[in-house]
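Shared chain: chain A. Partners: chain B in the first complex, chain C in the second.
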Partner chain A sequence: MAASKITSRSTIISLLIGAVFVVLLGARINSLENYTFARVVQDFLNALTLGSLYALIALGYTMVYGIIRLINFAHGEIFMLGSYFAFYAMTLTPLPWAISLLVTIILGGTVLLVLRSLFNLEEPKRTFALSLIIFGGTFFLLTFRKLGWVEGLTLSMLATGVAGVLLEAIAYKPLRGAPRESMLITAIAASFFLQNFGQLVFGARVRGFNAQTILNKPLNFHIGPETVYFTGILVVVPLITALLLWVLNLFVSRTRLGKAMRATAQDAEVAQMMGVNVNQVIALTFFIGSILAAAAGVMYAIRFGQIHPLMGLMPGIKAFTAAVIGGIGSLPGAVLGGLLLGFIEIYVVSLFPTLSAYKDVFAFVLLILILLFRPSGLVGEDLTEKV
Partner chain B sequence: MPEPLLELKNVSAYYGPIRALSNVNMELYPGEMVCLLGGNASGKSTTLKTILGLVQVGEGEVYFRGERIDPKPTSYRIERGMAVVPENRRIFPKMTVRENLEMGAYLRNDPKGIREDMEYVFSLFPRLEERLNQMGGTMSGGEQQMLAMGRALMSRPKLILMDEPSMGLAPKLVETIFKIIKTVNDRGITVFVVEQNANIALSIADRGYVLQTGEVVLQGNARDLLNNEAMRKAYLGEV
Partner chain C sequence: MRDYLLTLLSVGLAALALYFLTVSEGTSGLLSALTLIFIWGIAAISLNLINGQLGILSLGHHGFMLIGGYVTALLMLPARERRPFRTRLLSDWARNHLDLDKWLRGLGLDALANSIDAKFIIALFIAGLAAALLGIIVGAPSLRLKGDYLAIVTFGFGEIIRLLPNAPEVAAFTNGPLGIKGIPGNAGNIWWTFLALLLVLWFFSRLKFSSYGRAFEGIREDEIAAEAMGVNLAYHKILAFTISAFFAGVSGGLYASYLQSVDTQTFNFFVTFFLLVAISLGGLGSITGALLGTAIVVLVRVYGGFLEQPNPAWVGYLSGAVLMLAAFAFSAYIRKARRLRPVIEPKHFIFGAVGAVLLVITIAFFKQPWMQQTVQFFGMRKMLLAVILILIMIYRREGVMGRAEFSWKLIIGPREDIPTDEQRKQDAWLSNPDLNPGLKEDGDDDASA
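This part shows the complex of A and B:
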């Protein structure tokens, strides 16, 4: 009784706050004389792109939290790894065949082992077909020509997914059953480790990310006298995000392993009683979360044109904020929160140019408000313990 | 005597330094219905968790279908033919009735057999068929109990372990549930039921064990237990 009263009161309060914001924004847009239709289009495209990227990263946070109640602070670094993998795939190719062979064996072997354990591919025939595709495909891609962004994105998603599984196996798995604080501290340590590992191995300097890719070619167009600064990436990001969300939704709602994942998130012990291998489900969750983070990392790098080993920090924190705002543990919540943050960030700068230095403050103020008035997030479930 | 389906030999289990079970010996024979009685914190649930591998055996051995299983993971035991109806039902609240039943058949790979067993579950619990696409969490306690039992049956088990099926249900519903447990048992499925409600459990079981602070203090035929003096005083509510 009491709980439902509090929930409904906080719903009303958040609705009121939302309404006040909408009215303020409307008034602001009305008072800006130079807010033309071209700027409406431009702001919307920019916000949708940024929001999609945040949403993709936020999904990884929320999925891992849903399964093992861990805030994986190293998730931002996974995002960073994704962009570096694509960077190397696109700049170092074509490799001399001997080196390519070596890379294929090491990389392909790891990928194969991880995929086999994730998807129960014990059957010899399937294993053989899979290894043929992985080894052949990797060797073929790396040896013959310079890779474009599509191949770079695909390879990076696969490699980063495997990196996420390894992170879980090395850093978190030995702590299964330990107090949650230990895992949290370990996550922070893993984050610092990967940042410094990145500076050591990739170099600490900022690198330009393939500015010549077709997605960055200016395709500006005019609406009346105004110019909309348009590039392919502004369409590709929302489209690829929508595609990945569709596939993710299909996987989670239709497949056997996807259902096992949902069951584990709802009640891990009973899922185990049904015969679900919880270790497998956890590894799979890291795999999928890291794949999505890698997609975001590569597209982020194309959009903003540069990468460096600390680049995961800010998007990581923003996406985590997005996941909490949406309701941590909820997949639609993460997407909603990510889009919301993207829109806030772009529209604050556009509508209040004098406040643009404070653009990040707004996201975190929203976080505080949500935590105060609706701690379970916008679409999250009640946090009250069930009896 | 035939070979026991499930056998616990001198099993002890620990939670940290606390000994929850000491030297427990039990045998279940194929087709039997056996109940495990005892008060709060007597080790009933720990016994079930030990059989399932959710709690590790400290000392002793567990055999299932003639094979030593105490070092094996839970999923292996399920695959070999165990199924659970957990305490408080614990269905998956945000999955539909159909998905809950599918989770029961998680380790199976025979679509035809799964469909047959789903039909069997519907014949036992017609209510579940009506509610097929409803979320598990939105159903009443009795319906959730039916769903939990249906879910366990979906793995076509040799042995069903039930933890307090009567908990939190109205007396009339408890009767219905136990009637269905009997029907399932009559089909040849061995049933091991943990209960606080000793009267109703003993009225349909073949045999019973009584646990007290982690030790088996009484065992025997259900009828003998029902008439046992100490038993009546301790668990059947007679002074």
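This part shows the complex of A and C:
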């Protein structure tokens, strides 16, 4: 099976196209006089960071598509919510204790309810411990000092995960079993709703995400006469991404719920017959996808320094492209696609500066080409529809 | 015959009503709303051809409209408006050659070139053709892909078309993000859009019940069955995209000339979303529904301004009343549908209670100044449209009209579900075992099945 797959014509063609591109890039790099080693390092760091962020967002797309065959158009807006939650957590703290208590009760209560339903924590002892951790932790974090980016990231991930679950419960759950086009339309509507909701609640203007952390402190270094512009975030993003991927991999491959997720992705009906609670698995998928999107959102905001309610649009589209490149439904594929897209974007702009205006157009062209000629992606399963 | 006369009569009445609107004072707001309904109605009907009749979810309609808008703008731009472009971005070549006036005079058709109306019609036609050409390209992937993947591809095409006018190389023609301003044309005049809509309605209603329309609907229901019946899938799919794109281009041209300006933000993805709400609301696959949905959606957009400047007082009244009504309606519905004895469900009780508390608070604090302050709620209309679309998808996927069309028979004609005397006679013959020998066997078949 594997041998036949490798020797299949389309694989060979895509390998050939890839080889041609590599040769062209090499020629281009040789022909550029000012393309020094420092720029190679710089581009590599930038591409790795951007690719990691795309990979994190793409995972949410690919997981949701794998489970319920829905292109979650609103995922980019979840990403936006994540960065705004972190922004408010980091700028509004420390809160007065009364408000903090109120926020803790509302937010912690919702988080607790969602977590309990997601992870089967009905046992009283576990519930008690969890509620103690959540309520105590939230209250402690919000009341006493200004939050740093680590706490902001953590809180935002939790809150965004819950937001994702709520989105699924309100907008997508009533449409279980509906035609896929209807679900896509609903997702588009949810995306528009969240964009305008963001403009209404957060304000339409661009806000500086001024994380005064060591992450944005310039740590430039020199290679020969050239300077490499280096900040902590360039290392932190790939590291956190790798950590999250490791945890996700452990979760999906080692735990009962992960097994249930894999089973549901393979065949939801049969999984249901085998006793998998499919609704719970779907909600869990949205939770995990939103957590990853929130992590990406916060790090994106720190990296680029500003947030606005429409910021999720282009990263969302690009991450979706990445998921399609990797083969939608496949977790390693999403990571691979995300990294690939990050590298392509950075290197195209760096090597062909005149094309930088076409950066966004390029993402769409890539998306269309992949969907047209290799819809199963690089490592995805075959998606031929049967009669 | 009767139907034709009635149609003519109602068109005449509509025209008369429009005439009275145009001559009476203080109706400019209503007239511009009507113009918008007509323009967007053409776009919605053309989108309905792909999304409703052909059954392919297409999300690239804003691209077609943008092409139509830009082509109309470039062709119609008068010479004195072209000059300032030299200092900006429009290239000399585009300034000198993309001019309908020159083309017509070159062909010796001075009479046409002197009439702005004739030029406008020709420009609209060319805009439609340009969009139709693009429709062939965008429609081509539908031969390979299906469902949501195809939807994403059309979306990608639409977005590429939207992004291109801002790119530096193309900006020489399109003036980049600044757009083109000062487009003459008569679309602001309601008669033009009215006439265009009538033509479009005529064309699409003929198309729907022609062999082509049947073939489109056959493809929607089952591609393989349609192919087996001899429908050429590739031809019909591309044809539908081409026709739809043509009229989208025309409506884009009308809209550009109504606004007298065009830029890439005029035709962003929200346009397609807006049309999608309209046709989903009216009923996918129904031309009448598309027009109806457009009317509702445009009216929300034009007259929904008050939604964005509410004050707490009436928000309290409205939401309280809505919540209480919803609670009553839900519990009544559940009691009726499941034949429960009158038990109050906790969810409905909470709804009703929150509504009642809101109402009480609003009434109690009505005189307070903070109750009367106006709050700015930007984006409320768009959120409302999104919520409407989600609710339609959840509760009534077939929209208001379903796939039904308006017809005179529906209103005043003989009801088809009551058999005529002749049909009764036939039925009597069919159910008489002496006259219909096949009856007994049929009965047996039914029993065994």
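Everything that follows uses one rule, which is that the second predicted complex is superposed on the first by the 376 of 387 C-alpha atoms of A that agree within 3 Å, B and C clash if a C-alpha of one lies under 4 Å from a C-alpha of the other, contacts with A are read in each partner's own complex, and residues count from 1 in each chain.
Heads up, the rule we're going with is that contacts are C-beta pairs under 8 Å (C-beta built on N, C-alpha and C of every residue); 3 or more make two chains touch, one makes a residue touch a chain.
Values in this document were obtained by computation on a predicted structure and should not be read as measured data.
With chain A as the common reference, the superposed partners chain B and chain C fit together side by side. For chain A, the partner that touches more of its residues is C, with chain B and chain C as the two candidates.
With both structures placed on the common chain, the touch criterion links A:271 to chain B but leaves chain C unconnected.
In the superposed pair of complexes, A:127 makes contact with neither chain B nor chain C. Judged by the touch definition given at the top, the superposed model places A:200 against chain C, while chain B stays out of reach. By the touch criterion stated above, A:256 is placed in contact with chain B alone, chain C being left untouched. Measuring only between alpha carbons, the smallest separation of chain B from chain C in this overlay is 6 Å. Across the interface of their complex, chain A is touched by residues 57, 59, 141, 144-149, 151-153, 156-157, 159-160, 163-164, 166-168, 224, 270, 273, 276-277, 280, 377-380, 382-383, 385-387, 389-390, 393-394, 397 of chain C. Taken together, the chain A residues at the contact with chain C in this complex read 69, 71, 171, 174-175, 178, 180-186, 188-190, 192-193, 196-197, 199-200, 204, 317, 320, 357-358, 360-361, 364-365, 367-368, 371-372, 375, 385, 387. Taken in their complex, chain B has these residues touching chain A: 52, 54, 73-75, 78-79, 84, 86, 90, 92-95, 99, 102-104, 106-107, 151, 155.
Across the interface of their complex, chain B is touched by residues 256, 259-260, 262-263, 266-267, 269-277, 386 of chain A.
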